[in-house]
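Both of the next two complexes hold subunit A, though its partner changes from subunit B to subunit C.
Coming up: the complex of A and B.
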């Protein structure tokens, strides 16, 4: 166990190593919140409602989208895994008594700790400044469920992007695939447009994929638009278990194919 | 008789690859139909290594040395044949086996780029479950031997190649492995750093009796460190034995290149030794090893105006070529 904690710790230290980078990131995140606020304000000046969303609800939605993008979604796992496979860096993990999946997850956790450190203050400031525009859930149980869903999302996103990254075992040109996955997943999870603003037939597709539960559902919970349904926990858990085994399987297969090119 | 710590029997490795011909036409064709070719990187390689030996794997680029080493380390699956190191089958990648060996690759790093080496050392301490006492002892010993005390707390990306290599070695040896694989450890390093690393490896092997396999295409690495060498060319072992025997048998001569200020004539210089190249201002001699010092002394103390002088070791390619043609 100690080794994975050490990996997480090293990830934090690595991220903190660049002070200017930290500062600029914080500033740009703050700006992105401001931009989205003014963006939706100007759109709503035309009328009062888009679908079932009022101005406040729309702003809340995108504020949570941004928060989720900052903290929960870790698409850089795919890039990082893909890079390590392509440049042979993964060899040093294969050689040593360390489990690659757990190793990447520990790095991911380290990154999360780092992101909480630098983004939480900004998020709190933004939530305070925009407090009149943010709709939120009414009771603590919903918040608790939301927290649980967010944690499940975090784990499942990691597994999904780990699997996406593993594709690099089979092709040296995986970057296009990663990017496509990111775009598609982002759309399917409601990251671009709230899912309930999309045509009915679309929900057939989005319902059969896990992404809606990872993002759209917890975010809707947090902004008080939906109530708790046991499916919100069970479905992600099942997907997590399935994805975990798939990740292990693909990793083993990929490793067999891995010729250590790049060394 | 004690069982050898490394035993390899009829080891083979064949790679599949896609041929990429130059030109747009071929690139387009590759999009639709790719020709898969096979390369036999390692063919029927067999050898045994006893515990504590320091063996050199020598051979030109692409000979199969690194591929063999990777199969010993469990990175690559052999196409056929048997490999056993320290009683384990490397490709099974059992934790117990991985705790016992280390692999240092000259061109690949296990140190975290943005952090000081010390952080990577501490991570390895956890990964290999090294206790505090051993860790401190090993670390301070190696830091002193390699003289890196001042840099272990600097970011790895700020270190020179030589310093990085030394830290890579330390990181690999913190857990006192029984077997050490070194793949081109001195590649790209300056002469001083090369010597420091060679001295370190030699001392480490003598004191700890660690079994070490070293690959290199620098003759000097092998000459300094290995009593026994294995020459691999085109996937096959073409020599396995003592270095001394090899040298005296196949490389009896050294090449001396001399540049003159003023043109010299053939008669002036023929007395010194066998002339291989004559270009009035530049000459190349082939002199038996034992006589080199003598001949050079004579040339320099003669009245010929020498501008510059080079003493060359025959490179591996020529040595191997020699072995094949003789």
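Coming up: the complex of A and C.
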């Protein structure tokens, strides 16, 4: 356990080394919030309404989605795993007495801790400034369940992209594949459009995949759009278990194909 | 002398484009996937507009087809940026790793080489999609008018110059801050936001910032306005040329100034 904590701590230190870069990232985050605020206000101030979303619900949805995006920004597990496989760096991990999946997850957690430290102040400022436009859950139990959903979302997010990255064992150049996966997953998780604004047939597809549990479900819960349903916990837990075993299986199969190319 | 220099730089430009295509052909599967991803990004951008216009008639006074004109202009400008200047996204990595030296030591203008060193030909799909949207926008608003169209093309070129200059200006900060990955995010946010008409910023100060300090308005909004409106806004048309000129020469000066602060990581 200690060695994985050290990996997470190293990730935090590495990120904190470039303080000016952190400041610039915060400015870009701030721009995102300004744009989403004005975009939706300019639509609704003409008396329009998008689906069943009020202005407050729409702004809340995108504010929470932006916060979720922030916490995974730059944490390119697929790209990082893929690069390590393609340039041979993974060999040093294979030769060490560590579990590669746990090693990458520790880095992932370190990155999350760093982002929480850096972005929490600006998130709190935005939530305060937009307090009249933010809808949220009405009781503490929902907040506790949201926290659990968010943790599951983060774990599932890691596992999904770890599996995507593992594909690099079978190809010398997989960045195009990673980018395609990112675009599809971002859409399927509700990162672009709230999923309940899309046609019914899309819901059927979305319900049979894990992606809506990454953003859409926890965000809808946090913004008070939906009430708690036990499926919000059970389904992503099952997906996490399934993805974990699939990741381990693919990693073992991939290692048999691995030739240490790039060393 | 000027002709000789121009010929030399043009030949280098052609060679770099040839290398880009060779790099692209080396991994056909990856190229195909990048192509698919770019196509999906384009389709989803249009879907976002389509879903919203399923419930509304206009955004800040812009009709559906006028907004398509803005999105189309944005896609063309963004496509040109990716096809010609995708190296700008990697400047910070080269500075951090010390690999920029190999580019700077060549006997050619450093800004030219850094700008055109690498391009992503698969992003030409953005330009094609943008052209389709522009045709749709034109046909469903004022129709084809040669005068408007020529002016639109000139303003689009100004948009590319303004965005490129703004990009190189910001990337120059990497010489000081070394890890400039945040700059990539900042530029991405700024570029993406230019696909919405700046009129959505109903607060005058915010709109002023996104027009004159961050030249978002001149990337897509002003060209699309010319393309889809009978009345020509001469004030913004003239300003587009001024902004392109000021940003280009300002960013050139800043690049040269920043370069003096480069301390190679490889030495």
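Just so we're on the same page, the second predicted complex is superposed on the first by the 257 of 263 C-alpha atoms of A that agree within 3 Å, B and C clash if a C-alpha of one lies under 4 Å from a C-alpha of the other, contacts with A are read in each partner's own complex, and residues count from 1 in each chain.
As a working rule, a contact is a pair of C-beta atoms (placed from the backbone, for glycine too) under 8 Å apart; a residue touches a chain by one contact, two chains touch by 3 or more.
A quick note: this is a predicted structure, and the numbers were derived from the prediction, not measured.
Asker: Quick check on the superposed pair: does A:50 touch subunit B, subunit C, both, or neither? Answer first, second, both or neither.
Answerer: Once the two structures are laid over each other on A, A:50 reaches subunit C alone.
Asker: Report for A:131: first if it touches subunit B alone, second if subunit C alone, otherwise both or neither.
Answerer: The answer is neither, since A:131 touches no partner chain.
Asker: Given the touch rule stated above, what does A:252 touch, subunit B (first), subunit C (second), both, or neither?
Answerer: A:252 sits against neither subunit B nor subunit C.
Asker: Between subunit B (first) and subunit C (second), which, if any, makes contact with A:92: first, second, both or neither?
Answerer: After superposition on chain A, A:92 lies in contact with subunit B alone.
Asker: Touching A:200, do we find subunit B (first), subunit C (second), both, or neither?
Answerer: Neither subunit B nor subunit C is touched by A:200.
Asker: Considering only the touch criterion stated at the top, classify A:2 as touching first (subunit B), second (subunit C), both, or neither.
Answerer: first
Asker: Determine, under the contact definition given at the top, whether A:17 touches first (subunit B), second (subunit C), both, or neither.
Answerer: Both partners, subunit B and subunit C.
Asker: So, A:38: does it touch subunit B (first), subunit C (second), both, or neither?
Answerer: second
Asker: Counting touched residues of subunit A, say whether subunit B or subunit C comes out ahead.
Answerer: Counting contacted residues of subunit A, the larger count belongs to C.
Asker: In the superposed arrangement, what residues of subunit A touch both subunit B and subunit C?
Answerer: Shared contact residues on subunit A (touching subunit B in one complex, subunit C in the other): 17-18.
Asker: How about subunit C: which of its residues touch subunit A in the complex?
Answerer: Interface residues on subunit C, with respect to subunit A: 27, 29-37, 40-41, 44, 47-48, 51-52, 55-60, 173, 176-183, 185-186, 188-190, 193, 196, 199-203, 206.
Asker: Can you list the subunit A residues touching subunit C in their complex?
Answerer: Touching subunit C from subunit A are residues 17-18, 20-25, 27-28, 31-32, 34-35, 38-39, 41-43, 45-46, 48-51, 73-74, 171-177, 179-180, 182-184, 187, 192-193, 197-198.
Asker: Which residues of subunit B touch subunit A in the complex?
Answerer: Its residues touching subunit A are 15, 66, 70, 73-77, 93, 95, 98-99, 103, 105, 107-110, 112, 114-115, 119-120, 122-124, 126-128, 155.
Asker: Which positions of subunit A touch subunit B when the two form their complex?
Answerer: It is residues 2-3, 5-7, 10, 13-14, 17-18, 88-89, 91-92, 94-98, 256, 259-260, 263 of subunit A that touch subunit B.
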